[in-house]
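To keep things simple, chains are lettered A, B, C and D as they appear, and every chain counts its residues starting from 1.
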Amino acid sequence: MACLVRLIDGSFDPAAQLAAFSAAHAQAGGIASFIGQVRAGANEHGDVDALELQHYAPLTLPGMEALAAAAQTRWPLEGLLIIHRTGQMRPGDPIVLVAAAARHRRDAFAAAEFAMDHLKSDSWFWKREKAGGEWRWVEPREQDFADIRRWA
Amino acid sequence: MACLVRLIDGSFDPAAQLAAFSAAHAQAGGIASFIGQVRAGANEHGDVDALELQHYAPLTLPGMEALAAAAQTRWPLEGLLIIHRTGQMRPGDPIVLVAAAARHRRDAFAAAEFAMDHLKSDSWFWKREKAGGEWRWVEPREQDFADIRRWA
Amino acid sequence: MTLRLVFLGRLEDAAGVAEREIAVAGSLDAIMAALEPELSAALSDARIKLAVNGILVTDLASLTLRDGDELAFLPPVSGG
Amino acid sequence: MTLRLVFLGRLEDAAGVAEREIAVAGSLDAIMAALEPELSAALSDARIKLAVNGILVTDLASLTLRDGDELAFLPPVSGG
């Protein structure tokens, strides 16, 4: 199975990535995917002007690769793609793309959701937002822990 | 909420559609999607050379619109896109694109999966495949009924 | 009166055509009696649904047909 | 010996820098004692994990540090 995991510091084009992934997996009946983007809007401190994702190189990419391997073990997939940004982003910028190709739709959906839940609350990223002119670190949300417990 | 439902007889570009949808929903944190494509490969009669999807105009599009409305009622969505092809297709051609934009990831995934399950087994499409030089109608799969019962 | 019959999916193969017109008295029984026995049998499968002028029929017993109505015979779907 | 300390997320704010070198005897207690009390307190939060040379430490009690080791202090993550 083709498995592509990338951690990138620059911008990327999720639609183009997904098009290439779909073309590479013509034998799969379907591709479930998730695109996460910097939400345009305000947090409790005002309009969010920027978002930064920090990582720790010795852990972050190896952790994502282990996550992809776990998803492959769990569902019969034809392909899996995980692309995650780091660095500074602006509202509307893509942060993450997960795509899972499988013969059966439910496997593709489950693998994509599994990967997203683990990227959110079990991967080595730290996020801060700039709102009202000031940077503030974002604390993990209880919902993210609830999401990941489903897969235990 | 913006809701776009299309039934089209020609080919379409799922990645371009998804890019436009993502750009139109910058206020959403994420977009879950599913791309269904004609599987390259064989059925029990040999290599599948072509697939045809038949619809019945007075029912098919209204049924898809009712499905989109049901998904909107069920989850807080920022946007929902359903594009379904009809007519003759070749292996690798896209058949269906469903995309759901929501503030919360799980709502987006659930709505996309709900829409796909209903398009598969509760929408007015009839599918036939050409393999070994002969067209054969595809019967519904028991798995598709099991999938849709989850939402009852 | 004249009715238009539409055959979807594998019923098109059973009928040999996607659509045809039929001149009959206005009941489903009369239609079935006027068709070839193999086609009537195929259309009588309990899983086949009927739409009249694009509206799904939920109560066959109270069905009333009018001249020019379009009857669509809908076998189990297999989409996406 | 000299160790390299890496502060991730909000610990970077607490430390005032993303990384620094420190010359101390080779135990975690010695490091904590050598740092500013506010920073030591922030690093002592039970939710903070430690990686040495890119490997997550699961058993702090048996931790042995060597000259040149990189210690990363990892607060709770908030990704995607």
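Just a few scattered comments:
Just so we're on the same page, contacts are C-beta pairs under 8 Å (C-beta built on N, C-alpha and C of every residue); 3 or more make two chains touch, one makes a residue touch a chain.
All of these numbers come straight from a predicted model, not from anything done at the bench.
Path length between chain B and chain C in the touching-chain graph (shortest route): 1.
Centroids of chain A and chain D (each the mean of its C-alpha atoms) stand 27 Å apart.
Chain centres here are Cα means. That of chain A falls 50 Å from that of chain C.
Averaging Cα coordinates per chain places chain A and chain B 23 Å apart. As a whole-number value, the distance joining the C-alpha centres of chain C and chain D reads 76 Å.
Multi-chain contact residues of chain A (touching two or more other chains): 36, 116, 120.
Within chain C, contacts with two or more other chains are made by no residue at all. Chain pairs that touch, as defined above: A-B, A-D, B-C. The touching residues of chain D, counted against chain A in their complex, run 6, 8-10, 12-13, 51, 53-56, 70, 72, 74-80.
Residues 36, 53-54, 56, 58-59, 62, 84, 95-96, 116, 119-128, 137-141, 144 of chain A touch chain D in their complex. Contact residues of chain A toward chain B in the complex are 13-16, 18-19, 22-23, 26-37, 39-41, 91-92, 94, 103-106, 108-109, 112-113, 116, 120, 143, 147.
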